[in-house]
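Order as written gives the chain letters A, B and C; numbering starts at 1 within each chain.
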Amino acid sequence: MTIPTPIPMLNLIEIHKFYDRLEVLKGVSMEVKKGELVTFVGPSGCGKTTLLRIIGGFTNLDSGEVILDGQRIDHLPPNLRDTRICFQNYALFPHMTVADNIGYGLKIKKWKKNKIQERVEELLKLVQLEGLGSRMIDKLSGGQQQRVALARALSLEPKVLLLDEPLSNLDANLRLTMRGEIRKLQERLKITTIFVTHDQFEAMSISDRIVVMKEGVIQQVGSPIEIYERPSNEFIASFVGFVNFLEGVVERVDIGLNKATASTPIGVVQFVPERNINVGEKVKLVIRPETIQISQSEPTGMNNIFQGEVEIGMYVGSLAKYTVMINGEKFIIDQPNPRETFFKPKEKVYLSIPENIHLLIKTEIHQ
Amino acid sequence: MAKAESYSVPQSNVWERLKTFINAELINILAAILFLLLAIFLLYPILAVLIKSIRDPQGLTFAYYLKFFTKGYYFQSLQNTLLLGFINTVICLVVGFCLAYLTTRGPLVLRKPLKIISMMPLIAPPYLFAISLIILFGRNGILTKAFALNWSIYGFTGVVVAQTLAFIPLAYLMIENTLMSLNPNLEESAYDLGASEGRIIRTITIPLLTPGILKAGLLVFVMTIAEFGNAAILGGRTPFLAPDTYTMIIGEADFEMGSVLSVILIIPCIIIFFLHNYLLTGKKFTTIGGKPVASEPRKMTPLVKIPFLVIGFTAVFAIFISFGVVLMASFTKILGVKNEIVFSHILNFDSNRAIYNSIQVSLIAALIGAIIGTLLAYVIVRGKFFGRTFIEMVSLSGFALPGTVIGIGYLLAFNTPPFKLTGGIMILALNCVFRFLAVGVEAGISKLHQINIEIEEASSDLGANFMTTFYKIILPIMFPAFIAGFIYTFMTAIVSLSAVVFLVSPGFELAAVKIFDAAVYGEIGLASATTMKLVAIVVLCMMILNYLTKKTGFDITQKKGV
Amino acid sequence: MKEKLVLSIFVSVFLAVLMGGQVYAQTVKAYMGTSPENNVKIVNFVKEKTGIQILQTFQSFGEIEAKVKSEAPNFNADIIVGCGSPLAFMAKKNKWSVPYDSPNWKGVAPEFIDSDKNWFNIANFSFVLVGNRDKLKEKGYTMPKSWKELTDPKWKDQIVMPSPLSSGTANMIRYAFLALYGEEQGWNFLAALDKNIHHYTRSGNAPTDLVGRGEFLLGITSDENVKKRIDEGYPLLWSIPEEGIGYDGTFALILSGTKMMDACKKIIDVLGTQAFSDMMAGIGYMTPRPAPNALYGKTTPKYIKLDLGWAAENRPKWNDIWKEKFRTEFK
């Protein structure tokens, strides 16, 4: 007997999709829990939008299953699925008013006129557009249009809300605001949401879980912290934020102390192994720029201290970004709160690399 | 490069000053020249028709109009014409929409073949369908005999069928163009919100296509009531204004009554033109970030798919069969009488000169038309002079002017000195230039709206004078519009009959007129063979043009701004 | 620059197309109103004998008349080879034609040449009744023996004839009936006939083809193509009804203002030769210089007595009456 696990809201099983002979989805499987906000992120052409369109029913899959709340839906047209999509360009009907746009789906469901009106008012309030119901679409700002699109998608209380790059048409500041609002709204309504974006920072800041995709394959699924701190391959590591890679060969492993050393082009580096490794194994160390400490004098009582020379220094206020050469290897370093200690090019500096370095466990997945 | 000296030495010679003046005022000078051309070659001929209709040797008179409105015959003719225009427009729009929907939203395998066949009539003279109807449904027609049919094609219904088939591609092309640029997400959104396909078409697709559909309707209406080939061949004794005008001018030299009929013919067109402009104001829907995307093939619901396919296939089948029988007739000795395969029709070279003239005229017209169209578009969009809107309206009015009327206008306006142009090739070319100008102008305007004026200002800022800016910046950007104007003018000019039929003269006859004569005369074999030769040449020309434009990186099939 | 390449190709194609046109040594522009095929025959004959290339458009007699009237006095052609008597007489009266005393036209009967040498009648033609042999047999009908029989209701919508507004043949047909029955009775006959006419064609030869192809049972048509169509295999029957047939000339004249006077004169010269008459008679025309006729053989058909000059005078009036009568009511 197994303990019954809660049925996921959305279950994707082995989804394959071809365009002509090009396979754009190569057997994608994953689950989305009820009330969760999951982000599909990846470079353009990775298949994230196609996957979203498959869930929404706009693109047919070639094989695999889409299961929504325990029901298989991949054979259903979009109008018979309990998913609602918000397109990148909002796709608001330009020949209708805001209220007509939001009430479009309700009218199709044959709601009574006054009920529709009530619901539209409610939704307008929800997206903070009270009183704009009678406006035409082209009289709205970009942010307002985004809200209308959201309200329209929410009008029928879908089981899953699909958002296709919803913020990409907004300017930077509005984007940040809307990002927060969408997340707040999603948490308040506890609506299962899939969010597609190519912006990794957007993904990091908004999601419960992130699905990183590349060339039609899921590279990693995890919380933003997992993705950032423990990327499973080089692609993910460099996709989410800046990263220094350091290749080396394991020299010594001390299981008792949980320590190991590896010889690298900059010298011997000590690190805490996250998994079982063997002497002689090739490893790739992932060192985030902000984890490296930079100082003028040599720090004492610490391992992994290396001397280098500043090549480029950029002062950004809250931090300083450096390129430092050690033994011909280039390192990117973020120094928080630099103030008076900002280093100039050609200055000699000491770098202190932390011991709890992440190791890549596998390389990219191709199929 | 800018002449720095002109600043340091302001009192240089007259030539320098003139040059500076021209450079500064070039756009206004250009506008003046273009307006003069429009006035001479578009407004003056129409005016000439109007004047002719209200003048007799004694002076101003309305006697001819009185005659028109008191004779039942003319009234009947007007009624038939309007009814024909109306029925045809409706059918063409419905069929055009179904076909456009199928080729942009329907099953992938069907898209290309449907598109190609739907566009075939564009490259043939419109009265090809009169010929094919006679071959199939004439009293001795193939189908009439095979099924003992009792359908008389000589009359109203025959003309309707032929004209519909001839102008389906026009409606199709325009609607397809707007459908292509319609953001597919809009329909998908409606689908997503629970709408059925039928409901999407009703509440989203068609309302959003209104501008394109209106435009297509206007064009089809004007073409239907003006192109008289089908009506002249199949009309029998059913009167229509355009062929009547033709008979009056060509057969009886009754220019006064012919002018009256022309003016009457032009009235509904102008009304529709203004109505269309009025309806369009405020209806140009813009969508954010909506690039033209070919939407993904979706599973069309049978409720929509079946009727669309039935309508689409019927039309496409009829077009295909029409071309088929005409091809067959061009290799048959006497179709329906002596069904022997012969090559004598194809090898009859009497029409070669006419075909050659047609190509020559169409090429000249296309080149001049494309140049004037591009310049006009530029002047309209960037100029800041009084009367800009007027110029725009005049240059776009070509959409609404029946060919017959312009033809007669040219005959009246350019038959006597100082503008004696009849009896030459230029009058044919100029006529085509100004009749088909609208497409190039419109494509140019929409292209120019896409580019920011700042690019030009940046260029001027860098010291380039107007000519350099125009040559280096504007021309390359407008090249697709130039090509669109060129191709549209070429294709339409080479098969059009309604205007040029009044202007041909010995040595300057055209293939379209020659085929019409042969068809009217009853020589179906010769008419068919000449049609097929013309079609082959048009296809060849299009292929060469396509190749050349592709070489330069412009895909004409995409940039056709019709 | 790719655009420059394209541009240069365009330009060269243009030049090629533009230059290619004028290759003939001596060209004369002509309005020619015989059937398209016969026009070509005449053009080829002239070219063979004189080396002069005639550029022509096909038009009906009526259309040429309209064209010349509307262009006068700035004609877009140098010469007319084939128009009806109304235009020939009108041109002489208005001095649109240039007299020329051609040596080759000496000794021709007066009905074939103007006394003042303004017009030259290159061939007389007539109209005949044609029927479709197969279709008539199918219906069990025989060819009518007289014109009167055509008003029988059984022919309703089965007869085609040309329109006198555009066709010279039809002008001749109309006048012949008016001459035969007298003006009043003539119009009554035309009205009765009109009830059976399916439609009036633009050109005088069109009924021959339409009936030949089986579109209609009977046609009143110009005789110039009948022989040729029968030879080609059309199931055509032709007859001269007992009342007889009318005739008109096919006139040639030099238009005033021509810059090609010498060439025009050469053409007129050639048209007066025995060889030309032989060719035209071979088609089925009655020619200025006697030659064996292909259609009628040695017999001369029975002609209705006509006065072409008087007919030409009355043409505008008759056109008005015709329009009034046959255009205003519709079925």
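Basically, a contact is a pair of C-beta atoms (placed from the backbone, for glycine too) under 8 Å apart; a residue touches a chain by one contact, two chains touch by 3 or more.
Bear in mind the structure is a predicted one, so any value in this text is a computation, not a measurement.
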Pair of chains joined by more contacts [C-beta pairs], A-B or B-C: B-C
Central chain (by mean CA position): B
For chain A paired with chain C, centre-to-centre distance based on mean C-alpha positions, whole Å: 86
Distance between the centres, which are taken as Cα means, of chain C and chain B, whole angstrom: 35
CA centroid of chain A to CA centroid of chain B, Å: 53
Sites on chain C touched by chain B in the complex: 2-3, 5-6, 9-10, 13-14, 17-18, 20-21, 27, 29-31, 35-36, 40, 54-60, 62-63, 65-67, 69-71, 74-77, 135, 163, 165-166, 198-203, 205-206, 208-210, 212-216, 232-235, 319, 327-331
Residue ranges of chain A in contact with chain B within the complex: 53, 56-60, 77-79, 83-85, 87-95, 104-105, 108-109, 138, 142, 145, 152-153, 155-156, 169
Residue ranges of chain B touching chain C (in the complex, touch as defined): 71-73, 76, 134, 138-140, 154, 232, 235-239, 247, 249-253, 255, 333-338, 350, 353, 356-357, 359-360, 363-364, 367, 411, 415-417, 420, 422-423, 476, 479, 504-507, 509, 513, 517-518, 520-524, 548-549, 551-553
Chain B to chain A touching residues, read off their complex: 183, 185-186, 188-196, 199, 203-204, 207-208, 285-290, 296, 298-299, 301
